[in-house]
Each structure stands twice: as structure tokens, then as C-alpha cells.
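One structure is given here, and the rest of the page talks about it.
Note that the chains take the letters A, B, C and D in the order they are written out, and that residue 1 is the start of every chain.
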Amino acid sequence: MIVVMKIGAPDAEIENVCDEIVKLGFKTHLSKGEEHTIIGVVGEKRGEARTTAMSRLAFMPGVDKVVPILDPFKLASRSSHPPNTVIKVGDAEIGGDDFAVMAGPCAIESHDQLYCAAETAKKCGCKIIRGGAFKARTSPYSFQGLGEEGLEIMKKVTDELGLKSVVEALSIQEIGIVAEYCDIIQIGARNMQNFALLKAAGKITKPVLLKRGMMSTIEELLLAAEYLISSGNPNVILCERGIRTFEKYTRNTLDISAVAVIKHLSHLPIIVDPTHAVGVWSYVAATSKAALAAGADGLLIEIHPDPASALCDGGQSLTLPNFEKLMQEMKPIAEAVGRKL
Amino acid sequence: MIVVMKIGAPDAEIENVCDEIVKLGFKTHLSKGEEHTIIGVVGEKRGEARTTAMSRLAFMPGVDKVVPILDPFKLASRSSHPPNTVIKVGDAEIGGDDFAVMAGPCAIESHDQLYCAAETAKKCGCKIIRGGAFKARTSPYSFQGLGEEGLEIMKKVTDELGLKSVVEALSIQEIGIVAEYCDIIQIGARNMQNFALLKAAGKITKPVLLKRGMMSTIEELLLAAEYLISSGNPNVILCERGIRTFEKYTRNTLDISAVAVIKHLSHLPIIVDPTHAVGVWSYVAATSKAALAAGADGLLIEIHPDPASALCDGGQSLTLPNFEKLMQEMKPIAEAVGRKL
Amino acid sequence: MIVVMKIGAPDAEIENVCDEIVKLGFKTHLSKGEEHTIIGVVGEKRGEARTTAMSRLAFMPGVDKVVPILDPFKLASRSSHPPNTVIKVGDAEIGGDDFAVMAGPCAIESHDQLYCAAETAKKCGCKIIRGGAFKARTSPYSFQGLGEEGLEIMKKVTDELGLKSVVEALSIQEIGIVAEYCDIIQIGARNMQNFALLKAAGKITKPVLLKRGMMSTIEELLLAAEYLISSGNPNVILCERGIRTFEKYTRNTLDISAVAVIKHLSHLPIIVDPTHAVGVWSYVAATSKAALAAGADGLLIEIHPDPASALCDGGQSLTLPNFEKLMQEMKPIAEAVGRKL
Amino acid sequence: MIVVMKIGAPDAEIENVCDEIVKLGFKTHLSKGEEHTIIGVVGEKRGEARTTAMSRLAFMPGVDKVVPILDPFKLASRSSHPPNTVIKVGDAEIGGDDFAVMAGPCAIESHDQLYCAAETAKKCGCKIIRGGAFKARTSPYSFQGLGEEGLEIMKKVTDELGLKSVVEALSIQEIGIVAEYCDIIQIGARNMQNFALLKAAGKITKPVLLKRGMMSTIEELLLAAEYLISSGNPNVILCERGIRTFEKYTRNTLDISAVAVIKHLSHLPIIVDPTHAVGVWSYVAATSKAALAAGADGLLIEIHPDPASALCDGGQSLTLPNFEKLMQEMKPIAEAVGRKL
């Protein structure tokens, strides 16, 4: 880190700061500019010592600001692990050449509903089915999911069709049970900084699909991944699902450049959820294609045999024919960008 | 709710929508404008029936949009409970004439540290002490709190000084233990939409201090309160603590008008956390005074005997002399706006 | 519009509101719900009468809120003009089958610099060259452009190579001179709501490229286009160039779904400026491909023969070889989505 | 500025960067950390040389990032001018002990309307009247102001009552005419980065009231002030008027901490416009009091004798009795914080 002294800070203050840096276990490197004196802190490492040092120095007389230099995440960073991480779930590969489309309903409502959606998804080439058993709803008066019954339906349908599944867990208690029935455990956007949940999910071995909070920076997403990896689970799939902005025609704003930024900063796979990003089914196709062209490793997408009767977020789900059409239209784009679909 | 039909929607589509509304258990009220036909849905109630109806209608041919009319929260709304809710914790009253300042360190570090802060706070008139035992930290490498040991210190210090306490619980497991040692259970900004946690906190009787998520709307905050109240706990204190914006000189942007908006929409007490809103100690005094003048019911504020050595967020904590000065300066303002401090 | 009365508003207040609506020249349509009474205002039109009516009604005793129903723009809306508007500039077509890539440097610095960039752009298939003569710079100490000398260079280079040009005008005075030398007049993001400038640009006949403000909604962008069209110039090209959010790794956040939303709401062409959206050259290729796949009608993109020596925003410009590579990579995607490149 | 090299950048790249820094006219200061090498650039000054250097260095092989150290504004900064700037307009002092409340209607509609509002304002102690003659409206179909006729009315009313006036100019042409009739020229939020307008307003001598753009950072506001001051006009009054966020109950979000931040960074006076910040008259009183308590130098506030009939933004204007009540309530707060009202 770098300590920038105030303009005209007297020598005594500069010396005090240098002494403190040495006491904290670092070396100093002084540079006197025309207005500001700058003190480099040499030997900086991630972790508590650094956090403590930053806050202590920021407080000393004569200090203008402390500028961090290191990115705060390490295990999730590409510099610590240059090749892409590829996660295998059955026949599916996430982070490799495949463009992994994970489709299914917002909420599991019945065997028929899920089977019907999953069968179409399989026909279109999907290997992983999504579907919610425990639903995080903004209002306490909205449908909260079938719970364990939903997990049983998911298990049955994926067994029947030879598919894999991704299902969200909302609490520490649910992680074990979701991991028992399903193949990928999803941590939702509202729980991205539920650190107790992250630590618990870091203790299992099944892959975790970690959604970016609607209010979270890319740096915070990678730090949440760092919680998972440092707790013991390196199988992390990141998911961009739209961030909150002032724009009102879409529910959120899909941060499409996050795909390229994350590919640059991290070795982890990054997929896109166009459904929650836009919140309106008619904009899902355009954003799905954009995600594919931008280099995403897959999609998490909502489809429903009868969106008008859905118990949850019907207005954003694709009908099965619309989904088949989208998959058809994405095939030549996938080929153009060298991905298998 | 109101269904707005597309310009030029044919009569058959309008009739289908009306039929569906009747099937859903509501009455219709048709209004043909020069461009749009509008269908009022009469008999609307909060809850699943309404959510289902909205999504089903939004999907029908010819429908342009569905506009909700009712605010989605009920138990938290002022129209359901016109007088202010006043919450008593020991001698303190939150939501009444008192301006309730809850001060203390970000993290409990030792008996000495907490005692020293609490003693000053008491001297300045505070009746409630804050302090974290379980810390939600963006980085897994930051100090995570003393855990139960911290709760024991808090219990000891508040007993010694005759004060009450507010401490955050990060998970369902922690709610019971925090409730055992402390007087108010805090749900932090990152957990505002951790619905499993809200339901658990709704089952206890001690008051809950619910912080607004840093990217949550006021409506979502009131819906989170609705989870607590509808689960059985009406003792909810709301807390505005800054929202995330593009501005960089402060950590977040204090939404000062949220105080007035919430007073208008809800009967619940609303306090302000200036410390996390601005993230820089030198801007805490100005925003504390603003909160008092704007009509807030209190403050949640960080103070530390030695901020430079704090294990957590020292740069935003007031020193004890600065806190005493602020309390002194707030007294005449409190008098000017008719609050007891 | 719809007037929603407060819960329990007495009949006298409802009658007063109805009387006022009739006085304002509209008809009323009353609908009594279980909680709220709703009054439809029939005969609503865009323009002053409506604005006045909305504000007058909002103020009457017993009124909870006034909900507008009509989108506020008309000439820019697809409902007023269902087919796509296609704008021809020389051989280029914007809004038709072409994917119109407009490339060039941020600022025109010299004949050599611009010629070199334009020659490469032409070789790659571009028909329109961009380049700034008058620069809008956040700091008064940054390079402000060559002014009219820059326009002369642009005119010379495009004449030599048989290309067309797009150049920004910052003030009413500059509109005439830019229109004299160049083919498309750009109105920049910071001027999107400079209504005096919009009215002046509405009086010329050359096409206007209107950039979305970095914190403007899509609705406001379409209203700014409405200023241009209603002042007499229907040749408007919209440009999404990133909006301001809390994310820090990119300069702005490209709102990729704006392409689909605008295609739905409006008949005007919509292009994307990936350069200003991300602000870092290494993320430009991914976002350019995303824009193409999402259905944009073209790109506005910065290239420079020697970005390291650029007088303006070098760090976001593509080198000429990187631009050639991008154009090569976009060709199969263009084919996949049925666009000519 | 500081150049941070990539992890493991070879010595040759480090040397090249150092050579370039010397060629650019600066000195270097090298500091090798455990992961990164950091190069201090000594002799940094504001202006073109610095901007050029930053972009050139950012592009060199081996460079990770370039971190600026100096704040980019100078003439507006408190370090360049430690005492507060106090601007005198008639008997009013802005930036001194007075809390300068500038009240009046959104748009000037008639002599009667303005006189009536101004008379009440004077009675309450106001010395400066606001009122729009040229209106910046999002929709081309909204009332655009009376133009020069409005200025004549303002001149007449302020002469009759012995008051001063503040009126917005939307374009370069209007600056001269507004300066002729009025005492303070307002530059509106949508024009904060209309650099041509800023330069023109920098050439006059009357004070300029510069409103923060709804999408602008504090740094950008101070850079816009820098345009005015460096063009020759040091009489700049800053105005915080709310920034755009995701919150929907208020039109914008008042950034109350901007008052304290600007007092810290700059010597210029800072006032608050609560009316445009919240956009709803019933939240204006709470935010006005907050601004006073937070240390603002005054208010710009909309009042109207008959808001229900206002041609512009009636829903956000205070009635005259509500304004009198607010002024009464603010008096003891002003006394508590040591301001004259």
C-alpha cells in the first residue's frame, strides 16, 4: 500500500508514520513530490495484518489517504492460477469449450411441470436443469417453494432423464439436504454476502454456483468466492445476474462487461442469468446471445411449460417453444465464437 | 391493480382478460381511453392470490402492462397502525420523544475497550451500547469477531454500567445466543433479505434492529420488516445506513430523506447509522446532526477509545472526545426540534 | 392517467377530484375497490394539458397518487411508426441489414493520425469515420480538441478515402460548422439534456447521433430524441454508451439490454459505443461482439495508430491490429445473426 | 502519480517505464515490493502534461495500473485557498454566517404570482428570490417558460421589494440577458458538464450558482467549478440537489454528506436544493432542516402561492403557509448551529 501525506505535512509527522510502518512489520520507501510526500509500504500481504495497518496509518496525523495496491482476493485470482478452472458435472463441462445452458422453471411446482420443461431442455442439448425448492421472495406473502418435496421431484426427474441439477439453498440447514438430492448448490444473489452460508458451502465438495449480489461489485463477488475456496471448496461457478441501477424498463441491468472483466481477473467459470437480469421474457433472447458472444461459459435461464400459470415470476420465463427457438438461433453464434452448444 | 391493454387491442382480447380476472376471483371495471383500454381489478388483496393474478394477467395477449395500486406491505404500514410504535428497552424509548443514541465500537475487542467506550457513552446520556461479536466482513482475511466471548464481555459491561445492548446476529444459530446475552438483536444490511434469518428473528420477543440493505429500496426494507412482524415479532426498529451510489468520497450515500418517507409510510421507529453511511469519521458529526434535524428517532454510531488500533473499521469511528463534542453540539438541536437527548 | 385516492377518502373528496377532471377537459371513470377508490382520466393526451392535469390532481385533498399510463414520447415510439427507420449516409445504412461500424480516434490530432486510422477502418469495411474536433473534457486542464482545424482534417481525409464522418458538436454555434464539414452530427452524453442544443440540432437536415446520458433512463433518451424529431429532424441515430453504476472495474456499465428495449419501444436505429462504456481497451472486443449479437445496428468505436501517444483517452482505444482482429472475429457472428459487415 | 507494475514484470519493462517517465519530464522513485514493483512519478502537476503521461504510461508493457495522487481540481480546492469564500449579493452573504434561503416558484408565470411568493419570502427573512424564465424540461411537450418576459417580471418584482434574484440560463445566448436582469446566474444540473456554457459563464462577473448534475460525482462538480474559476469568475456557489439512485419514493436522493465533503475539499459556499432532491413537497421540510444542521450555507427552495395551478412541478412546491411554518421551525435550529436566519 501507499501512504499519501497531506500537502505540507511536517517532517516529524512523516517520521512518525515511517516509524509506525516499521513497527507494523513492513519496510518503508519514501518519495518526496512537489506537493505530496508519498510513503511506500513494502512487504504488504493480504490478511489481517494489512487491514490493521491500513486503518492504523489512515488515522495518523498528517496522513491524507492510504491507497491499497494489491487486489484483495488471492485464491480466486488468475495470477494465482493462470489456466481456466473447468468444472465437470456429469457430461457437462463448465469453463471449458461447452456453452453450458442450465434451464428450468423458477420454482418446482409439480412432477409434470418440471418433467415437461426438463424434457424440452434435454432435447435442445441441455445437461443441467435448474429449479427452485426453497424460494427467496421479497414479500412474505409470495409462494415460498415446495421445500423438500421439490427436491424429491428434481431428483426423480433428473434420474429419469439422465440429467444433472442446480438448486438454491437459502440457509446452512438447507445446504446438506440440497447437496444430498442435487448436483450443484446455488447461493443466490441476496445471500452473496451471507458469510455464514458461504463458510458452510465451503465445507462441501459439490460445486457451488455463486450469484453476484444485485448490489455487489465484481471485487466483492470474487471475495465471496474467496470465502468458498478458502473454506475448502474450489469448485465455484460465478454467475452475473444483473445489477441494480436507476433504469426502469428492465428489472436489473445486465453487466455484460463483467464477463470479460472476470475472465481477466479470475480463473473461475462465469455464466450469465439473463432472466433475472432483465425480468421480462421478451428481452431474454437478445441478452442470452450477447452473453454467448461476450465469452460467458453458459447460461442459467428460466423456462416454463405454461408461464401464465407459474407460481413464481411467470412474466420472465420463456415458453418452451420460445426456448427451442433461442437455442436454435444460438447454435451458429456458438460456432462463430468457437463454443460447443 | 390496473391492467393496461396495448393500443388497438381487439375486443376479443379485452374480453378474455376480463374473463380471466373474474375467474381469479376479482371484479372488473372497464375504461376505454382514446389510445388505451384500462381494466381495473377490483377486490385486490395482498398475498399469493394477487401475485399470481398479476403474473397471469401480464402474460395474456393484448396486455401492455399491469400496474399495482396497493403498497405491498401491510403490517408495517402506517395506514394499518396510525400511531407511532414506541419500543421500550430498559429506560430507553425508541420511536417516542427520546433521541436514542446507541454508541459503541464496531467490534468488541476486550473488556477494557468496551467498558471505556460504554462509560463515556453513559456519561453523555446513552442508554444502549452497540458492539459486534460476530462480524460480517467482505474479505475472509479480515477479523471475524470474538464470538461468544464478545457477548460475555458485552453482558458484563452493560450489567456493570446499567446499560442495554444491541448486537448483530449473522445466522439463525446466532439469534438464540445473541438474544440470551443482549437486549436488541441487529440484522445487518447484508442480511436484510436473508429471509430464513428474518423468519427466525420473527420468532423471538426481543426487539430487532433491521438495517436497510445498501442497495435495497425503502419498499424492500418495509417488506423485510413485514417478514419479521408477520412471523410474530412486532418490535422492529428500522435503520437507514446509506445506500450504494456512484459517489466515491463517501463509502455509501446517506439517504436522509428516507427518514421522512418512512415516517410517512410506516409506524415503525427509524434510526440512522451515520458511521457506515459515510465511512469516514470526519463526516459523521454533520450527518448525525442532519439525522436529528430530519426527524430520526436515534443513531447507531461507532466510537472507539483508540480508533488507530481498532481491529475493525477504525477509520470511521469517532474518538471518545469527538463523540462527547458531538453529543454536546446535538443537545441544542434536539431541543430545537423537540427531542430529548 | 389514473388517480388513486387515499384509503378511506370521503365521497366529497372523490367528487371534487371528478369535478376537477371534467373541468380540465377529460372524462372520468370511477372504480371503487375494497381499500382504494380509483378514478380513470379518459381522453389523456401528451403535452401541456396532461402535465398540468397531473400536477393539479396530485395536489388535491384525498389523492394518494397519480399514475401515468401513456409513454410520454410519441414521434420516437414504434407504435407511431411501426417499421424500422433506416438512415442512409453515403453507401452506409444505419438501421437496416448493415452492421454499421463507425471507427476512428477519440480526438483528431493530425492528418497523418486520422488518415492512418481511417485507411485501416476502410480496409476492414467501415464506411463512416469518427473523430472529435471539439472535446468535452471533465477537467479544464485536458486537451480540448483542434477545433475547426480538426474539421478540415476530417473533411480532407474522408474526401481522400471516399468515406463519411461523424463528429460531435458541443454548442449551438458548433452545429452549423460541424454540419458544413461532416455527415453526421453527434450530440454527446453530457449534452443529452441540453435542450437548447437539441432544438438547434432539430433544425438541420443531416442525421444526428444522439448518445444516452450516462445517468439517463431509456425514457429520457427517447424524450431527447422527441425534441429532435418534433423540432423537424427525423434522422436520429440513438447510441447506448454505458451508464453510471457503483461498479469500479469499468468506467461505466454497458446496458446491453437497452438495445432490445429500444428496438421494442422505438423505430429509431440504436448503436453501441463499447469504448466509452467500458473505458479499457481490453474489454472492448467482448462488448462489441455482445452488441452485435444483441441486435444493435452498429458500433461507435475508438481506434488509434498509437494509443500510447494519444492526446485523449489512449487507454481505451484499440490499436489498428487489434481492431482488424476484432472485425475479423465479428464477421462470422454477423453472418450468424443475419447482418452484413 | 504512482505506476504499479504487473506481478513478475521483468526488469527490462521496469527500466523502459522509468525511461519514459524521465522523457516525460518527471523524476522516478522505484520501490520493489514482494509482489509488485511500484514507481513513483515525482514532479506531477495538474494539466495536459499529467493527463498525457498517465495515458502513455498506462499503455506500456508490464504496467498494471496508474494511480493518480493529486486531486484533479486546484482553484476550487481548500488547500489552494484555506478560508471560506463568502459571496455578497446585496445584503445577503453566502458562505458566511448567514443561512441564505433563496425561495420562489419553479417557473415565473405572472407578476402577481411572483410578487405574492416574493412578498412572503421577504417577510420570512429571505433576501434572494428564485424563479425560472427559461425552463429545461425533459419532455418537449412541457411548459418551457416565459423567456425574456419572465426576466422583466423578475426585475420588476425584486426592484419593488428590494430583493435580489437568481435565474437559470440554459445557453450561452441566455447568459448575457440573464446577467442583465438578475443578480445570480444559475447553471442547472443538466448543464453542469456543458463546458461551452461554463466557459461563457466564467467570462462574466456576477456570481454563478452551479448545480451538481444528478449523475455527477463531487469531484466532477468541483472540476466544473474549476472551469468557471479558471475562465475568470471566482464567484461560484455550489448546490447539491440530489443524485440519481435506484430508490423510487423520492425523485432523487439528497446526498446530505456532500455538504460536509465539499466543506472539507473546497472553500466555495455550498447550498442545498431540497425541492428537486426529493420531488415531493411533504418531504421538503425534513430535508431543509437536515441541510441546515449539516452545515449548508443556504437553501434553494420552491414555493408557490397556488401549487395546484402551477405550470411546472407544482407537486414539489411548498404553499406559502407551509413555507412560513418551515422558516419558523428552522429558526431555533439555526441558532443551535450558530447561523443567522
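By our rule, contacts are C-beta pairs under 8 Å (C-beta built on N, C-alpha and C of every residue); 3 or more make two chains touch, one makes a residue touch a chain.
Note that the structure is a prediction, hence the values are computed from the model and not measured.
Greatest centre-to-centre distance from chain C is found for B, with centres as Cα means.
The interface with the greater number of C-beta contacts, when A-D is set against B-D, is B-D. With each centre defined as the average position of its C-alpha atoms, the distance from chain C to chain D rounds to 26 Å. Annotation: 38 Å between the Cα-based centres of chain A and chain D. If you average the CA atoms of chain B and of chain D, the two centres end up 31 Å from each other.
Multi-chain contact residues of chain C, defined as those touching 2 or more other chains: 215, 244-246. The touching residues of chain B, counted against chain A in their complex, run 46-48, 50-52, 55-56, 58-60, 72-73, 136-143, 170-174, 190-191, 193-197, 213-216, 220, 223, 226-227, 230-231, 244, 307-311, 313-315. Within the complex formed with chain B, the residues of chain C that make contact are 2, 4, 7, 29, 31-36, 38, 40, 42-45, 67, 69-70, 79, 215, 244-246.
Chain D makes touch with chain B in their complex at residues 215, 217-219, 243, 245-250, 253-261, 263-265, 277-278, 282-283, 285-287, 289-295, 329, 332-333, 335-337.
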